């Protein structure tokens, strides 16, 4: 069946930025996107299912079944704030082919809403203790890097896996600008402090006025979602691993 | 080729319930569906083949070849009984993609026959001795849980693999209600006693008048079918395992 | 690209039998089909490529590149001989999906030529020394078994992998009759003596007048083809194995 | 999404030769193609992406993201030089299916530009020290071998993996001539000296006037590209292996 999209509404946005926030290393993107959705009261306007998602249902608390899904939210910026399309979800696609297909679907929707700038978020796994997580960046075009570099981000060296890399790459093919931001994280639990550094930079770049005090709540919700999806999250690096190995974007 | 459907008849049904009964843990669903088909004398009206099924034939007794297939039966309820569409078969699809495709095909057929309620069955693997198998439930909408809860079922916590989870999940996307019922089972042999508890609840919920005394026969037929499909079924937990590992819905 | 068919000619045949002769256990089918093609001077009328075949070329002797391919030959029977469509090739598809697709393509062609009877050949792996290889049979319908049983064949119990099983199974869905014949073989080298017993039965059933004295030549050609395709064939059971494990129809 | 092609220009060429130069053993083809592009100042006219390429982005020096891609360049020959279509890229497809699809796409483009001759390049892995790398050849038709044989090449025996094999094989199905040239190489690093022997022969055959003195630069650029794509290239045979095993065309 490929991807199935359910559009609940077609928002009218002015030059919106697409912010990617799917599960990945340290769940930095996932927490950040969820926090933006909650604090900005962003509205869900589309759901995407893919036959490359997991073939199971999750029985959440109260017995209501939940399913692998990606969701798109929109936010109409106030004053100087940028309009946003926020991509949140509980999974990425399980296969390379599925990842390309999903990316194409998301970019199709974003472009139809007038978006020409994709900002993907993620974690950069580091060993050892992280005090203040540093930010790293890469972009489709060099001039896009000026702003994150001025905010103290460093240049990424290496591979950017999953939709964080693909959306920038395939977006560029369509003439869309793309920026990928990664925050340092040990990577084996939902990392609120990495998400805090991430959102500080994102909010500055997009003039967003967002309270970051409740990030721990977003991290906890993310943690619970992961748990129900069979990703064991333990407080130590040793505890993770085996369960996660099924998900290639957690490499 | 994807899925190939052969329709032998287009039954006229009133608000039918789709009951899923494919192979899975303890073969609870498989036995239950087969027993319903036999006791209710339900009529086969469609066969589904998929290129995601196994690529082999089985030489059954007498030398007649059999093939991986899913079959749909219908039953026109008498008096207060609900009309039924019963899904039985000797396999699920081998890949995630195939499972989504198969689910879509089945839901297409069910919807065309006026079905808006999917009831999926399965086993919940438990270790140790099971005296009276308990039932567990999850649903697309909370209100659907009232009836199974009133019959003593508990809330499922965790993942529901295979078509038992997918049909509820994808059905909900189409506005269909869905209930998943799991019965406790050690899981390594066709479990007639888990199927008995399952059918007791199903029959109550759908006002079905079904004799449960011959469940052992359905379990034996299921056992023989599994054997010919290369799934070694042994009386002890140790004996299973290796053979089953090829089938992800037996996880 | 799926399957690509090149038709060189559209033969006019009377009630032809499709004989499957692709690589498999003991290469019994492969040798048998090749021998029929050579002795009957059957004419190649179609080539099939599939994107589920191996992605390599083989540099054969003299530096000419050869490729994974399935070929169809036809033979117009003389006197009481049946008309034949012979399927020969140097590979089967590498995936389950590819096997279904390839089978569908072959059956499409056969049906367009008026064929409603599929005869698939193969080897049945046995351990220990084989003196006179016995034949085994399974069929889509019980009455088809009468003739092979009268020739001394026994009933197969178990799974029939690869196109030998699929063509019978998918053919039946189209209303075609199907017979699968397997000959006992140690299975780890191209087995001319198993092919001899196979062809004795096939020729009797189809009234074919074929000299079986040069079967060793067909076995040697098959051996050389296998070698160039990277399947190491050794005179002992120990020597095979590792190389073959890439090919699921050699299980 | 399969393959996506971006055509920047439709060149007018006279009887052009398609030269394949994708990553493979010893990166002989990759270096050779890159060197031709640079020395001949060939012009890029098309980019191909495939959902069978890797799903990641690479942050190259300076923070600009790069992506898995195949590129086509053209060169209008001067005087007696043949017109060229040069295929260069940083990857092949990851699956057999993807390789067939990619090959079909490339041949489509080449044929539309009037090409009926495909020349694929590659490395032939040899153990031990290589002094002057020897060339090996295979072809779709025996007469094509006359020229490379007269230049001292030997006949290849065995399998030709990846697009080097597929383009010749699928090209022949379209009536295109094909020649595959392999140069001896230890295979575990970008091998400029193998590329030198390769280009000497290619230039003679196509009357190309190319300076081969800067081949080390092309090898170094190839080396850096590989590094950023996560293929660890070490000066010793031992160092390679693990990283490369993900890429089947490096077998």
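First chain written, first letter: the chains are A, B, C and D, and each begins at residue 1.
In this section, a contact is a pair of C-beta atoms (placed from the backbone, for glycine too) under 8 Å apart; a residue touches a chain by one contact, two chains touch by 3 or more.
Remember, predicted model here, so these are calculated numbers, not experimental data.
Once chain C is ignored, the contact network of the remaining chains holds as one piece. Using the contact threshold fixed earlier, the set of chains in contact with both chain B and chain C is empty. Averaged Cα coordinates give chain A a centre that lies 37 Å from the centre of chain D. Mean C-alpha positions place chain B and chain D at a centre distance of 52 Å.
Multi-chain contact residues, meaning those touching two or more other chains, do not occur anywhere in chain D.
Residue ranges of chain B in contact with chain C, taken from their complex: 1, 4, 6, 47, 49, 51-59, 61-65, 67, 94, 228-230. Across the complex, chain D meets chain C through its residues 96-97, 99-101, 104, 137-142, 145, 149, 155-162, 164-166, 168-170, 172-173, 178, 180.
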